[in-house]
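Mind having a look at this structure? Questions to follow.
Each chain gets a letter, A, B and C, in the order it is written, and its residues are counted from 1.
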Amino acid sequence: MDVRARLESLGLTLPPVPKPVAAYVPAVRVGDLVFVSGQLPFHEGKLVATGLVPTAVSVEEAYQACRVAVLNALAAVAMVADLDQVSQVVRVGGFVAAASDFQDHPKVVNGASDLLREIWQQAGQHARAAVGVSSLPLGASVEIELVVRL
Amino acid sequence: MDVRARLESLGLTLPPVPKPVAAYVPAVRVGDLVFVSGQLPFHEGKLVATGLVPTAVSVEEAYQACRVAVLNALAAVAMVADLDQVSQVVRVGGFVAAASDFQDHPKVVNGASDLLREIWQQAGQHARAAVGVSSLPLGASVEIELVVRL
Amino acid sequence: MDVRARLESLGLTLPPVPKPVAAYVPAVRVGDLVFVSGQLPFHEGKLVATGLVPTAVSVEEAYQACRVAVLNALAAVAMVADLDQVSQVVRVGGFVAAASDFQDHPKVVNGASDLLREIWQQAGQHARAAVGVSSLPLGASVEIELVVRL
């Protein structure tokens, strides 16, 4: 499967992989698994969503931010493996910066899940944990972590 | 090992697996590992515990809710693998909706750990991370994520 | 590689592994992977940092606490595998107890990442997710989870 062509047909392009904001690497391959670092919604060097959901950004904006974070995650995969050889998305960890009365984390993290399914269909379906956190690096509204199998 | 019989001897039955509240699947198998999506404490279609621990629900209620979430996690495992072939519970991720002064996350998530040990004894002992989060999907008090080995 | 000698050259020693504060085990080995339970910054039986970052403890104190937690994580690895046979640190999960306006989680969790790189250099570079949580077990300021490959 040609993932870049598939992204293009979705009107998307793979970004340059964001430089880790700290002392780690974007992705590590162990055997046929790739563990991707938690990705923030960076687009052209800027976070597209900062602050708590839904007060600072809406559920829809946070959904879109998850799509952006997934693109960064795929760029990270591509650093250590051929993106076209991904055979299964295994796990998505979705962290949403949210207050204690927020309940719509699934709607937000669907931004990640929907895009992965748009790209890989059946093979894009994954296990997922979505939780609300008190804050995220650099004030980001969402962070997406990924494990894929080649 | 007959897990369903073991559950029955504990007075428990495997529930129907809750429909994911979003665009993902309850569990994914990769080789001999099964990654289970974060499970909420659904019982007969309703969350048994909502709101922050310990203000909205007690530590004991949240402990019981973790047992309920584990049953859902096992039902998810059973969708992709024979539950009787689980050879080791590998990892439990325990998320507790809690305020900043809460300290008893371990007592809460023990609801998950104790049940897994009741079912599988030695093979039910697992690595675990328990943390306090600001909020969880649908207002749930706890969420349990699981990795098991076949 | 002699990890204990390397630690000694860094002025560090492997602590006795902290007893899990609950019904689980410090680490589980599956194949060539070791999953380590979330470790708190225990030093000689006491937490070196409690409360929210940066109000109760500074970023620098929390950074140091992450180093302490990593030592405990390595002691946990050593319970189930030969520490000298670690070939790659795969993933670090870094949880920082923090309020909603905190942004410097990466600087805090670098305490874990830096130490792992000091010990294993290239093989110590890992995928990482750093998030801010509302609270942690026993009031700890940080919790570090680890996956390593042998």
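To be clear about the criterion, contacts are C-beta pairs under 8 Å (C-beta built on N, C-alpha and C of every residue); 3 or more make two chains touch, one makes a residue touch a chain.
Model, not experiment: these values are computed from the prediction.
Colleague: Answer with same or different: of all residue numbers used at the interface between chain A and chain B, are over half used by both copies?
Modeller: different
Colleague: Rotation angle for the CA superposition of chain A on chain C, to the nearest 5°?
Modeller: The best-fit rotation has an angle of 120 degrees.
Colleague: List the centre-to-centre spacing of chain A and chain B in whole Å, with centres computed as mean CA coordinates.
Modeller: 24
Colleague: Taking each residue of chain B in turn, which ones touch at least two of the other chains?
Modeller: Only 99-100, 133-134 qualify.
Colleague: Touching residues of chain B toward chain C in the complex: what are they?
Modeller: For this pair, the touching residues of chain B are 32-33, 88, 90-92, 98-107, 109-110, 113-114, 117, 125-134, 147, 149.
Colleague: For the complex, give me every residue of chain A touching chain C.
Modeller: Residues of chain A touching chain C: 20-28, 30-31, 35-38, 52, 93, 95, 97, 99-100, 133-139, 143, 145.
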